[in-house]
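The same chain A turns up in both complexes below, where it pairs with chain B and then with chain C.
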Partner chain A sequence: MEAPVQATIRSLDPRVTRLSIPQELPEFTPKPPLDEWQTYEVFHQARPGEQPVHVGTVHAPDPEMALVFAKEQYARRGTTYSLWVVRTADIYAFRSEDADIFATVPEKTYREPHDYKVAQKLLRLKRKSHGSSAADAPASS
Partner chain B sequence: MYGNLSIAEPVRGVEQEDPEKLAEFEERIARGEKIEPHDWMPREYRRQVLRMIEQHAHSEIIGALPEGTWITRAPGFRRKLALMAKVQDEVGHAQLLYSAAETLGKPREQMINDLLSGKAKYSNVFNYPALTWADTAIIAWLIDAGAIINQTLNAKGSYGPYARALERICKEEAFHLKYGYDNVVTLASGTPRQRQMLQEALNRWWKPIMHFFGPPDHMSVHSEKLLRWKVKMASNDEMRQMFLDAYVPKIWELGLTIPDPNLRKNPETGRWEYSDPDWDEFWRVINGNGPCNRERLAVRRMADELGAWVRRALLKPDHRYVEPLF
Partner chain C sequence: MPLPPPEALPALKDLLYRMADDALIIGHRHSEWTGLGPILEEDIAFSSIAQDKLGHAYALYQLLHELGEPEPDHAAFLRDAPQFRCCHLVEYPNGGYDFSLMRHLLFDLAEQWRYHLLERSSYEPLAQLARKVRGEIKYHVFHATQWVVHLGAQGTEESHERMQQALLQALPLALGIFEPSDFEEILVDYGIFPGERVLQSHWWETLLPILERAQLRVPPLETLTPAYGGRRGQHTEYLQPLLDEMTEVFRSDPTAQW
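So, the complex of A and B:
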């Protein structure tokens, strides 16, 4: 008894035709979770001396493969000096709902150089001590 | 190669959002701020942006197929190298876009399942065959030109990860466009047979190109909200007009004929007028009945199946999925 011959896809691409893919698509089996592995975050350093910058993610089974994929996806053009990858799961990041923790930074002006009016103070000091020898000579020990 | 909510779905459910948060969100966008993955966003914004990026990613990965057909037969080694680089770029774009889409909470496996099961849509142009080398030249020049118009606009959109991915993509598309133009001009300067091949390719591709930006505005559902949220950056007709403005003169300059006797720029309105590009065909093809839909899906599935054992062999028990940060 002969098995029924199933029509296969004849493509303009001879490589596709040679695969003998049946015309009728079989029932689709969904991919299981993690079929595309886990993700790595990619950092790209364009030139020596420049800061590595986060550019995106890749899916990879291990760090070595992550570097290979990072090269293919994020170093296709321009210059690259180095690439770093780190497992996304290993990064701890602030959530945007905690952003108020940064809100007091601009208020803390005592941490900024412009908050110190030394020149004015110095001028006042000089005016006050004008004529007195104490301002000109160091105090004797 | 493509990035557009060319078939907009109606925006719904916005009235269920917290009005205060919604107002704050819309003010941020109006100020030109980008929305980042962990920021508050309306559920409908998330759904629409995800749908757009996902469709774009699928289009890139399927878009590699019609041109990939010609790698083995590219005329000359330099063109073969360039075509391989272009096809690799397109597949790389899909990876970047899937990553951007994932930040909205849908794992990559689910997106690819939707593509392979035939549920997800991708750009209609890739359901047409590249019959000759000249077809690949027309695709690389004019389809990529269309893609650049809409991706340059979308790079100014409101969703941070998508905008950043598009910036990177647009840089690579610039090579595709120039490479395609170079091939078209080479054929146009060639023998009468080469010119004829080019003209026939243009004739075949004109309709899909006119379909590329999606149905006309009067046929589309309202997309004002998507424009206000900077998800869509211009209407389908606006983008089509931009394309015609930029490329019709360049096509005419080569002595080619555009296969539409009604195509003209109305000097009074400053807008291009053209014949109806058969929107019934557009719907027929997007719903699965184009010349290559079946092949595209079958080839993509086959590629996935052939690689499955490698993916499974490399999977380690300590792998766990977390949403990418971007």
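So, the complex of A and C:
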């Protein structure tokens, strides 16, 4: 037979016991919508001169607090030189239904860099410096 | 590892125990907020600060170990309250977030100055540690300042009043950080540390403008009674229960390999 669980143990977590939460919880009034702090987008710059890269968001009441939180949220590990925060509401973006703006008609390779002679020359140079014969590189166009 | 002159050793150890015990106990108190913080981002930030403090405590116990004291785990977990040299400020229960934040500001501003002064300590291992923790403590002060100024000056009437009460409660306790020591003269003579009185005056001068930004009323220094005793092993009733809880697992088997 198992011993009955003692009713006095409310939680094994001392932090919870310390809170002395009442057994019967009072009624909560529901929060109004959008009651939270606004969000800030966080950009992480690893080294001086490098591009800051978007890494996520934090909730904060203002930019200074956003920096306070962003530091521990996104710069705790690895290398960091700086962080940027930008109010999410200040970012302008295309709407998702306008994603077709970015679709391109095929047969337009002339707009892409690999079709240019200079790209071929660079490729030849690269291969040369890596020790293989320059004759391997095809001279096209 | 360079050893200090033998006549300065007890003074150096006393300084290191004060600092290590402060960091360990406030780190433990801060960690009691983990999972219970006001919002997710702050919960993570404050827990991370708690971890930093444990890291500082570990580094200081390590320095003590190199001077012949017990290894860090034993120094942290096998001593009882009268053997601790922490100040009363760090022992107090967390209370509300108002008190925890105010204590965090008062303590870390003193830490920032203490380590800043120690960067030029004649005891090179301590000077090295001081340079190493500079960035972390700068963040701790930044975090604390932002919160106290926000809740004091930019929040609601209630948040302002609660920060004001927290300041009045925490200030005499914070003055206990700078409890004079019999070793002070030796520390100064050997260039190890310029002393608690110098530290306190730097702290006070930088604290006032922050509290002014937070629109908090500061009682005159001479009207406050500093909470002394901690540096001599006389502690509040709150320290021993904290130690009992913190060391429960370790003491169940001190020889266990983790």
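Criterion: the second predicted complex is superposed on the first by the 81 of 141 C-alpha atoms of A that agree within 3 Å, B and C clash if a C-alpha of one lies under 4 Å from a C-alpha of the other, contacts with A are read in each partner's own complex, and residues count from 1 in each chain.
Simple rule for what comes next: a residue touches a chain if its C-beta (ideal position, glycine included) is under 8 Å from a C-beta of that chain, and two chains touch if they have at least 3 such contacts.
Keep in mind that what you see is a predicted model, and the values were worked out from it rather than measured.
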item	value
Chain B versus chain C as contact partner of A:Val85, first or second or both or neither	neither
Chain A residues touched - chain C or chain B, whichever exceeds	B
Which superposed partner A:Glu72 touches (first chain B, second chain C, both, neither)	both
Which superposed partner A:Leu12 touches (first chain B, second chain C, both, neither)	first
Partner chain(s) touched by A:Glu64 [first = chain B, second = chain C, both, neither]	second
Overlap of the chain B and chain C footprints on chain A, listed as residue numbers	14-15, 19, 37, 58-59, 61-62, 65, 69, 72-73, 76
Contacting residues of chain C [partner chain A, same complex]	32, 34-36, 39-42, 44-45, 48, 139, 142-143, 146-147, 150, 245
In the complex with chain A, residue positions of chain B that touch it	36, 38-40, 65, 68-69, 72, 88-89, 92, 95-96, 99-100, 102, 107-109, 112-113, 116-118, 129-131, 161, 164-165, 168, 171-172, 294-295, 297-299, 301-302, 304, 308, 311-312, 314-316, 319-326
Contacting residues of chain A [partner chain C, same complex]	14-15, 18-19, 37, 58-62, 64-65, 68-69, 71-73, 76
Interfacial residue positions of chain A with respect to chain B in the complex	9, 11-16, 19, 21-23, 25, 28, 30-39, 41, 55-59, 61-62, 65, 69, 72-74, 76-77, 88-89, 91, 93, 95-97
